[in-house]
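Provided herewith is a single structure, encoded as structure tokens, for subsequent inquiry.
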Amino acid sequence: MATQPPRLASYDDSTLPNLPSHTKTLFDAKTAQNLTFEQIAHHLNRSEVAVAAIFYGQATASPEDVDKLSSLLNIPRDSLAAQLLSGFPDRGRAGPMPPVEPLIYRLYEIVQNYGYAFKAVMNEKFGDGIMSAICFNSKVEKEVDEAGAEWVVITLRGKW
Amino acid sequence: MATQPPRLASYDDSTLPNLPSHTKTLFDAKTAQNLTFEQIAHHLNRSEVAVAAIFYGQATASPEDVDKLSSLLNIPRDSLAAQLLSGFPDRGRAGPMPPVEPLIYRLYEIVQNYGYAFKAVMNEKFGDGIMSAICFNSKVEKEVDEAGAEWVVITLRGKW
Amino acid sequence: MATQPPRLASYDDSTLPNLPSHTKTLFDAKTAQNLTFEQIAHHLNRSEVAVAAIFYGQATASPEDVDKLSSLLNIPRDSLAAQLLSGFPDRGRAGPMPPVEPLIYRLYEIVQNYGYAFKAVMNEKFGDGIMSAICFNSKVEKEVDEAGAEWVVITLRGKW
Amino acid sequence: MATQPPRLASYDDSTLPNLPSHTKTLFDAKTAQNLTFEQIAHHLNRSEVAVAAIFYGQATASPEDVDKLSSLLNIPRDSLAAQLLSGFPDRGRAGPMPPVEPLIYRLYEIVQNYGYAFKAVMNEKFGDGIMSAICFNSKVEKEVDEAGAEWVVITLRGKW
Amino acid sequence: MATQPPRLASYDDSTLPNLPSHTKTLFDAKTAQNLTFEQIAHHLNRSEVAVAAIFYGQATASPEDVDKLSSLLNIPRDSLAAQLLSGFPDRGRAGPMPPVEPLIYRLYEIVQNYGYAFKAVMNEKFGDGIMSAICFNSKVEKEVDEAGAEWVVITLRGKW
Amino acid sequence: MATQPPRLASYDDSTLPNLPSHTKTLFDAKTAQNLTFEQIAHHLNRSEVAVAAIFYGQATASPEDVDKLSSLLNIPRDSLAAQLLSGFPDRGRAGPMPPVEPLIYRLYEIVQNYGYAFKAVMNEKFGDGIMSAICFNSKVEKEVDEAGAEWVVITLRGKW
Amino acid sequence: MATQPPRLASYDDSTLPNLPSHTKTLFDAKTAQNLTFEQIAHHLNRSEVAVAAIFYGQATASPEDVDKLSSLLNIPRDSLAAQLLSGFPDRGRAGPMPPVEPLIYRLYEIVQNYGYAFKAVMNEKFGDGIMSAICFNSKVEKEVDEAGAEWVVITLRGKW
Amino acid sequence: MATQPPRLASYDDSTLPNLPSHTKTLFDAKTAQNLTFEQIAHHLNRSEVAVAAIFYGQATASPEDVDKLSSLLNIPRDSLAAQLLSGFPDRGRAGPMPPVEPLIYRLYEIVQNYGYAFKAVMNEKFGDGIMSAICFNSKVEKEVDEAGAEWVVITLRGKW
Amino acid sequence: MATQPPRLASYDDSTLPNLPSHTKTLFDAKTAQNLTFEQIAHHLNRSEVAVAAIFYGQATASPEDVDKLSSLLNIPRDSLAAQLLSGFPDRGRAGPMPPVEPLIYRLYEIVQNYGYAFKAVMNEKFGDGIMSAICFNSKVEKEVDEAGAEWVVITLRGKW
Amino acid sequence: MATQPPRLASYDDSTLPNLPSHTKTLFDAKTAQNLTFEQIAHHLNRSEVAVAAIFYGQATASPEDVDKLSSLLNIPRDSLAAQLLSGFPDRGRAGPMPPVEPLIYRLYEIVQNYGYAFKAVMNEKFGDGIMSAICFNSKVEKEVDEAGAEWVVITLRGKW
């Protein structure tokens, strides 16, 4: 399978009606340019999660992001700006809750099972208050343990 | 407020019907002994989140955990073992979903908004597959940025 | 970023099926004319929230409003009147409840958490009764505290 | 009806299972002492809404609040502290959503109908971001218009 | 069946947890005194529906209502006043929605089927606005048509 | 505003997918002919609510109704008959339940709050049984009280 | 297994909170007297389904039914009358919908799958209208086909 | 009204997206041929309910059924076979549950109210087990009682 | 950990209100006798899943099962028979759906993801029809692959 | 019926909006080539369930699968690869939960009724942990018992 190009994330046709129109524009260009989120993130100097969140309409792109996306993905700057820089994100509509996608469900399950545990520990560490889900960044990393097994490490960092 | 003892996490009476009986036992003892999860976690040599998850019935305590909890919290070892070592956790019942508790809702909102972004990045990094929510550990840390603001850093680490 | 034009609120394509046809007409014209709600509200001599509510089909425009919107936004008066002055608003369909949009969710959360507190205080102040959500007006203001932090001040004013 | 004492807010027996145990303690004492929230708020130097929120378990009381509530309501300080100062609020559980209580439903309806209008105006005024529902305060005032009609004025003030 | 006493409305044990404590007090006394709502309403000079609504905790009793109910139903005035005159109604909790009770479901079905028809007719008659469900009264009457069939006539009268 | 024509009820584009095709046909013609439901009802010798219910697909039109609607609204008789006289009403699909439209919600709220009160009074008046929501008619009237305030009077009349 | 007494229907402890108090009284006496619904129905001269519906609080017992149940089941007449003849049935609360009980789910599934087929056939046979679920009776019979297989035959008979 | 052709069941445009494509084909032909389900059922020698269930995609047509439907309804045999004989029914999608259509709701209400009564009687007659909703047939008949009132008699017959 | 007794399945206190009373009786005795389901199943000559299903009230015990359970678990035969042999199982109430318990959720997820795949394969193999979930048995086995990893093998066998 | 070709599984038009675009491509080709899943599975050397899962977008096809599907089903390799090898499955969207399709509901019912029984047996056999629904395979087999009745045997095999 060595000659196989890396498989790239894309959209499923049936989810497009829930997503902003730029999602299709961006993913089609990403596929055409054969770029991973890692490569795009490196070019934009942002985290991969933030870039993917822009693709799905969950985060705001800055004018600089639009410039870089436009040149990297070969999308006319004006049409991309019209899609990404007008209006504000209308977040939270990408998929159903509870999630039916198993991988996303696992994250939901972590909240369901460990939610009160996280709260108890955070309250003791920070007092009464809240962790922001907006003033927030995150990253995904890969770890390989000594047995060769892969682990996903997600870091969520939110202002208190 | 210097003489104020640190405020400890506890349970709300109205949530007890959804929780196993050992939740009350453990929290009452923790309050009586005036211990934080950090102190208990240190004594058990486990993460704070794991310890809190045992309190809420989401994780299994080992016999060693029971020995240490029994001595630290001054609960008779036999009665604690009967509560913690018989049966298996019946997870996921601690609170409603979607969460009504604002702090837990923020974690839910992260899944709602960033779920597809996490999936896309993980798929490109690991291929098709899933991150385990069971073969899983996590921790909560406090960061203070240069402006003095506190940030919560949650690390979720799950086997792929 | 000084040369950046102010970012204007607009609609997300995927929400249009839930909104009356005039929502698209009005927002497209607002974007083309590069006008903020503040500017339109000033022209109509109404509150910004009321103007935005007309855009989203939640409030009735008066014939005067239509005249002014038509000239300001450069939309033929007859076609705008056909959209805005025939029929009556069919309210409440703009988005899902509970809201998935984080900013709107925060308002929902205020009702969820403080609902009974508001009721208790209103009942003691006004007796048994109700605050109208229809014979109602509201405004949004910006405050900057001495530390330079911005605060949103929303005022809801409803007949008892 | 002049000799009628003012009617005081209290709890409905059937809602107690959803509320923390201190709700009953505090309301029973408030009724026995025949105090309005306005009187208590004045004594605590906090807003009436904040005081009612403490009663319903939605806000944290400070040790000073506990001291003052204890003396004003004639509740032993230790037992009140045990209820109010141990643990952290487990918010959002006071009533069902959507609200079935008509007065609270009106607030919900405002979010349902005007949510997108508020978001559009706030986004244009503040940019992309969010209004905090936690770093937040609010008040309820009474206005009487020239026709003698009473109006409720609710002010919500949240950090952006 | 002539010697059969008229059958009186009462509560079902399994619904009591959703109702205020005075519901049981009032219905038990009504049954003991063998009184219909018609008789009680006549004594209080209020509509039958209003009286039943007081029983179910949906309407506020005035001090005069309490005096009359106390003497008619033979309930000590003080204990009745404590139940009926402290606090304010916490409405809307009597039963589930959609209703499972067939008779109540029929009313719900009328709203489901004719809701838009009522709205259209009211809007043309009154303009944009709303009919109050709070500043509101209603009555139930019996009609017998020429064929001897009984008809229920419900009149809902709400302020616009 | 004296020269303003009376505002007529119509449909909202975004609700059409839930309604039968004749809803659009009839409302478009009604708007073109500039007729109120009162005028149409007078012509058909039926109640306004019944006529509106035909428009929304909740009631069956008789062949006579079709003849009269055809001539009054200037719709070819055959095409109208094909829409109105073939098939049977598929009721209950006009809008969501619970209603999000505030005016319709008020009717729903009456059922939620007063449902058991209506049932208790009807049961005492009629015995065990049910009021038909099908063998049923209704009307909407306007009352003006001595203070000049408008009241809506809805009469629901169903066979027992 | 010949000496095995016939197995009798009874209640499950965990369902009692949803049922009127007479359900327990009647089933306990039925078990003690070792009677089938067939035997009780024969004694009361009503259908088995009607008798079971009385047990579950879905149908009204007549005074004659109470007399006969009292003597057959050996329950004091007065206490039984107090439970069965006061108040009116509060129907529809016996179990959740959709049903989780497989046998009841099968009936639900028939409605889900064949509902529109039943409606189409009934409309063509009876015109527009409705089948009463209240002015209604039903029976359950057993058929054995030539292959020895048992078939349930349920007959639902409702007034149009 | 004697010259009025009998009114035939058909589909409502707004329900077609939930139904297989053959539903439209068959009903359009049925209307064009002016045939009742009774006539079609007679021609196919099946029950009317089974025929209607084929129309709504809830039952499988045999090749013989397709032959007869093709000739009776004047639909080319090949195109009908392609629609009816390829694939297998994907049942249960015709309408929402709980049903909003009043006639179908009445059947649902029978299950809701009498479900446990049916179960109790069936269990006593047949033992523990289940009635099949698949190995199942049913019919609808009309009865006229001595007073001239029409009754619907539905017979459900399922294998135990 | 060699001296550790094997950990036995039991119930969680907070789930008991949803379960029949015999669940507690049986599990308490099983724990006291320190028996696994494998041991009990061997004694009863039934599958482990069937035995566990009896414990949870999902399956009927035969009189022979009761005899053997009584002697093995040391429960008086009469009291056990009263719990297990009177009435019929009221199935499906053990836990919420969708399941919140992660292990049970995985089974639910298999249905969610593979449901149509199973249906397509079964339909091609068996034609139109259904697999019984009642005339059904199942077993759970452990497999260890060459890499030493454990696999669960669940076999579901239902009559077509 | 011997000359009847075997009936093949296909899609229902009304479900396509929930499925990826390749579902239609693959099923149309399968029908055109008149192939069963058994034949395709044999050609791909995978289980029938896995092949059907690829058709419904629940499983990933390998490049080898695409080569073989392309030649067997006569679909251009490039267009099939674009549909099947770009992106990753977005699982769980094929149908509603709870399932309305009776055959799929039976699998759901097994989880609902036997979920806790499976969990108890698995926990005793494997300890605390979880069976993977992703690292998972399954098969469907047909058994005929001595009485000639057909049984479905589903084997679910998941990593612990």
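Each chain carries a letter (A, B, C, D, E, F, G, H, I and J) given by its place in the written order, and its residues are counted from 1.
One rule holds for everything that comes next: a residue touches a chain if its C-beta (ideal position, glycine included) is under 8 Å from a C-beta of that chain, and two chains touch if they have at least 3 such contacts.
These numbers come from a predicted model, not from an experiment.
A.B. asks: So which chains count as neighbours of both subunit D and subunit I?
C.D. replies: Both-contact set = A, B.
A.B. asks: Over half of the residue-numbered contact pairs in common: that is the test. Which of A-I, E-G or A-B passes it against G-J?
C.D. replies: From the options A-I, E-G or A-B, the copy of G-J is A-I.
A.B. asks: Using the stated contact rule, I'd like to know whether E-G or A-D comes out ahead in C-beta pair count.
C.D. replies: Higher C-beta contact count between the two pairs: E-G.
A.B. asks: Roughly how far is subunit I from subunit J, centre to centre by C-alpha average, rounded to an integer in Å?
C.D. replies: 26
A.B. asks: Counting only Cα atoms for the centres, state how far subunit C is from subunit I in Å.
C.D. replies: Taking the mean C-alpha position of each chain, the two centres sit 55 Å apart.
A.B. asks: In angstrom, rounded to a whole number, how far apart do the mean CA points of subunit B and subunit C lie?
C.D. replies: Each chain reduced to its C-alpha mean, subunit B and subunit C end up 41 Å apart.
A.B. asks: If you average the CA atoms of subunit B and of subunit J, how many Å lie between those two points?
C.D. replies: Measuring from centre to centre gives 37 Å for this pair.
A.B. asks: Residues of subunit J that contact two or more other chains, please.
C.D. replies: Touching at least two other chains: 7-9, 88, 91-92, 97-102, 105, 109, 112-113, 119, 123, 127-130, 132-134.
A.B. asks: Using the touch rule from the top of the page, what pairs of chains touch, sorted by label?
C.D. replies: Every touching chain pair, ordered by label, is A-B, A-C, A-D, A-I, A-J, B-C, B-D, B-I, B-J, C-D, C-E, C-F, D-E, D-F, E-F, E-G, E-H, F-G, F-H, G-H, G-I, G-J, H-I, H-J, I-J.
A.B. asks: If you look only at subunit A, which of its residues touch subunit I in the complex?
C.D. replies: By the definition above, subunit A touches subunit I via 98, 100, 102, 105, 109, 112-113.
A.B. asks: Applying the document's contact rule, which stretches of subunit B touch subunit J when the two form their complex?
C.D. replies: 60, 88-89, 119, 123, 127-130, 132, 134
A.B. asks: For a test of understanding, state which residues of subunit A touch subunit J in their complex under the given definition.
C.D. replies: Contacts found on subunit A: 1, 4, 7-15, 31, 99-102, 105.
A.B. asks: Quick check: in the complex, which residue numbers of subunit C touch subunit F?
C.D. replies: It comes out as residues 17-21, 57, 63, 85-88, 90-93, 97, 133-134.
A.B. asks: Spell out the part of subunit I that touches subunit J in their complex, as residue ranges.
C.D. replies: Spelled out, the residues of subunit I in touch with subunit J are 6-9, 36-38, 48-49, 52-53, 55-56, 58, 91-92, 94-95, 97-99, 101-104, 106-133, 136, 138, 140, 142-143, 149-160.
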